[in-house]
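Each structure below appears as structure tokens.
In the two assemblies presented below, chain A is common to both, partnered first by chain B and then by chain C.
Our next item is the complex of A and B:
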């Protein structure tokens, strides 16, 4: 090959690498951090936070031993799924500062993809889930590129527009054969015969998701995300390609929202256009606000409060009559307002502080 | 040696106002230059134009023999031209150490920090600017003088060839100013070219060997501080026309 062509090829390869792999380079370094992570994990287990997490995990695993009730396990499954969804929103909004009101677009698109693949193509649910999440990543790229020029409330509205577009697209009768219009896709094969097996599948996926999200947030990439959230101009002045990192954040967040959406569809064994409603985006936002923004693990607490505690607490009220049907929603709203007034940071941080005092007291410190 | 920064016929208009008008100057490698002018002379606009935060209407900026007009700020930073802000811009909810680490995580900073590791490199910079004791604190609780030092530390994290300091002394006590003076001198001695603005002449007089003066967006004069301070238009700009003192 002539030298010149070779050089052109080399240069184009280099620029390709720089553009597409520039960021993943730092992500690639993650695998080098694994031994360190393992070491710090061992130390972490014996700290306050670590022992708390392990206790919570053991508690979740013990649930099926205590109760075999399908109802409770179904509620818990929806809690697990929504905690992944809320955490993905937390990465994008809490860590990178890109407030998205259109997170249901990732959720729904992945849900539809997974449902389509499982039912029409007959793929195994794990592969459908991963492909569904990948579609959400691609969609994150497509949304990200035009939306990155928007800031603050405009970004929120811009992302919301995408979820509205998808809602109307999937509602329309034109694609009835594939997407099923208003009825959506239903009658998916079950993930597992036993509810408990399904519970454990989703629990494992949720734990993996949270470990990955936590590692990302604690890594160098997470530091850059936080810098972009705090002051984008200053990050730019520090030599950070903010566009690239914001896009990366959109894609990672889209991936985990996609995982959650796929699981939601697979768990429900049906999906319809209402999955694109802005309501689902607000579920994620409310859960993160309850648990604590920019904490990742706060998403678990928020999802637990919203999906399990609040909905179960007020269920009897709804059963009392149609007048009371909207009481749970009303009371959740009031609780949210009180939270925003008195615990801006969410309840995770203050609760942890009190627990820590108790922990120190128990250990006699 | 040689020219590191060459600005030619730079012009910037905001609507009807010409903030920078046909402004040209050169800076040699390793030089220590001040840019003075009364409030509103266009100093910060010149910095914004050089560092890519604003696009000039006309003129060109060459850095290290390369045309950088129209490049994005982060690209310019990664070539080695770094600026600080007049109003301190720190990452409020991150620790002081992480503030500097972000700069070390830029492609240029990463290359410099490769050997020692990002954290090590960032804490070395922090000890140089004298903030190592406060590495774990968030910047929101730091006093103004420390924030100024952090601002310089953040710029140093990207391993700059030339540092543009926008009013690093404004709002500081005499003691704090002395700290920053020493810090900037040390950077200059390490071979970093420094370009610094100020609207109070006295601050810059005993610091820089060469001063560029501007007024109402125009280049006025260029030379040693004493000479510039006695220049007719400079005196007029600061003290008013036909003043009895001059």
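Our next item is the complex of A and C:
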């Protein structure tokens, strides 16, 4: 490789690092000396968090491979999709402090776009997914501009208004030819013939999403998000363009919610207006509240508890009669209230602390 | 054309009076406690279904069932305040999430006690009236008269009685009011109960004209929110004015353009108002 190109590549890598790690050149050495800071992937694996993550990942890969059970794979797929959705809500609400109750709007819009592209245009599902997510990003921009005038609880209602309106629009018969009103779009082509291959596709997308989200949250941008959440006035006074960053947060969150929505539609092979229901926003909120607000990885824990543990626990209820069919959401609403009231930290952080003690004990520290 | 304008006038008045009842309670709670109650639609929902169950399933007479369902609404309001709003008053996001969970809970609860099919409540008096060439059910007369009377009564209550004066005092300056010996928590509880009562009355008056469904709480919440943004957050007179303007505008669009545009209209109002006049029609500018 010519020297010049190598230098350019090196420079661009360095500037990229600076952007994400947010460390000016002069202080980079100081930054490296912090003992807990991990330098490479190899070292990261042997840290507490790293080993735990790898362990969980291996578990997620091995369980469907060993059991080969379609039911387990279906449940795990829904867990993966909803964990992306919950994490996108967490980025917007937990980190930037912009509580959105209309997250199902991103979810549904992307789902409809992906379904439309796959069915009517015949695009490959990966491209439809990306285009669906881009539509959600655009929608985030459209939602963000008026809603930035709203603060705190008002924002929650303002965003909810968007999802309700979309629900009414997609339900109404006026646009029946394109959107299919109440029936929606169904009969999409399958993502992959085998269930397990579909599972691995979604797993890879989920891992990539979480890596990107974690990088964003740990970067300079994430710090700015947190500053806006903690004190918007102070952030404004320190020269941060809060409007720009809030819009950015809306767009990033919209992108990942869009990816989740497209995957949901592609996985279900059908989409109908109920995807815009408030219930889907509720799912994201309860998952994040279970896992812990303002922890991206908490979304995975919350989604696992809600989609796998709780739904399995509630399964006998549904078999008892049609009345009990509605109990899961009923009980989870109560759980949400209790979580917010008594355990705002969620499950992840306290659980990690206890595990850490155990880990230290094992290593004999 | 003239016939259509007349029907816009009449149906708009009906819509406006229902919106006024809903938005007044919503805006009162915000003005007094700074609390945005996402469970406001749930008050409407739960009153509708209580009324339906008592009147149509247990076959009690009209007056008794109205009184019982209003009492249920007020109790639900009080419980909402004591169990959910009061402990989390300091964190605004916490209150919003908790009341949201309450609304979801109510929706699922209604699914359990009734079922997901739409239900019909018969009007108080069967029959219809012809006014200005437009025929409409007698129930609409009850809606308009009941709503206007209640709004007037609430206005009198707030301006004349001691509790009403305390409500105004707390909404102006909570700390100063507490220093004057007003129990601000109790006042907020009374306000939430009043808002539940208003939503309940709106439900009882308006529900007999349409089918009741499990997810209608959200659209009423959205309308109340749109009216509150339109009229000015925390301003009572702006709220009532906004409600009637919204009512006329919604019926105008559904008559002249299309019903799906009329459902989008509240959103447009929210966006336009937020972009050009964030404090609302009659609201005070934030310092």
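Keep in mind that, in the parts below, the second predicted complex is superposed on the first by the 309 of 365 C-alpha atoms of A that agree within 3 Å, B and C clash if a C-alpha of one lies under 4 Å from a C-alpha of the other, contacts with A are read in each partner's own complex, and residues count from 1 in each chain.
As a convention for this text, a residue touches a chain if its C-beta (ideal position, glycine included) is under 8 Å from a C-beta of that chain, and two chains touch if they have at least 3 such contacts.
Keep in mind the model is a prediction, meaning the values are calculated, not measured.
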item	value
First, second, both or neither for A:237, with chain B first and chain C second	first
Contacts of A:141 with chain B and chain C, given as first, second, both or neither	neither
Chain B versus chain C as contact partner of A:224, first or second or both or neither	first
Touched partner set for A:161, first chain B, second chain C, both or neither	second
More chain A residues in contact - chain B or chain C	C
First, second, both or neither for A:278, with chain B first and chain C second	second
Contact footprint of chain A on chain B as seen in their complex	51, 53, 72-74, 77-78, 82-85, 89-94, 98-99, 101-103, 105-109, 118, 154, 157-158
Footprint of chain A on chain C - complex, ascending	35-36, 38, 84, 87-88, 92-98, 100-102, 104-105, 108-109, 111-112, 215, 218-219, 221-222, 225-226, 229, 233, 258-260, 263-264, 266-267, 270-271, 274-275, 278
Parts of chain A lying in touch with chain C, wherever the complex brings them together	93, 97, 99, 101, 145-147, 149-150, 152-154, 156-158, 160-162, 164-165, 168-169, 172, 174-175, 277-279, 282, 285-286, 289, 323, 326-327, 329-330, 333-334, 336-337, 340-341, 344
Complex contacts: residues of chain A adjacent to chain B	22, 26, 220, 223-224, 226-227, 229-231, 233-242, 294
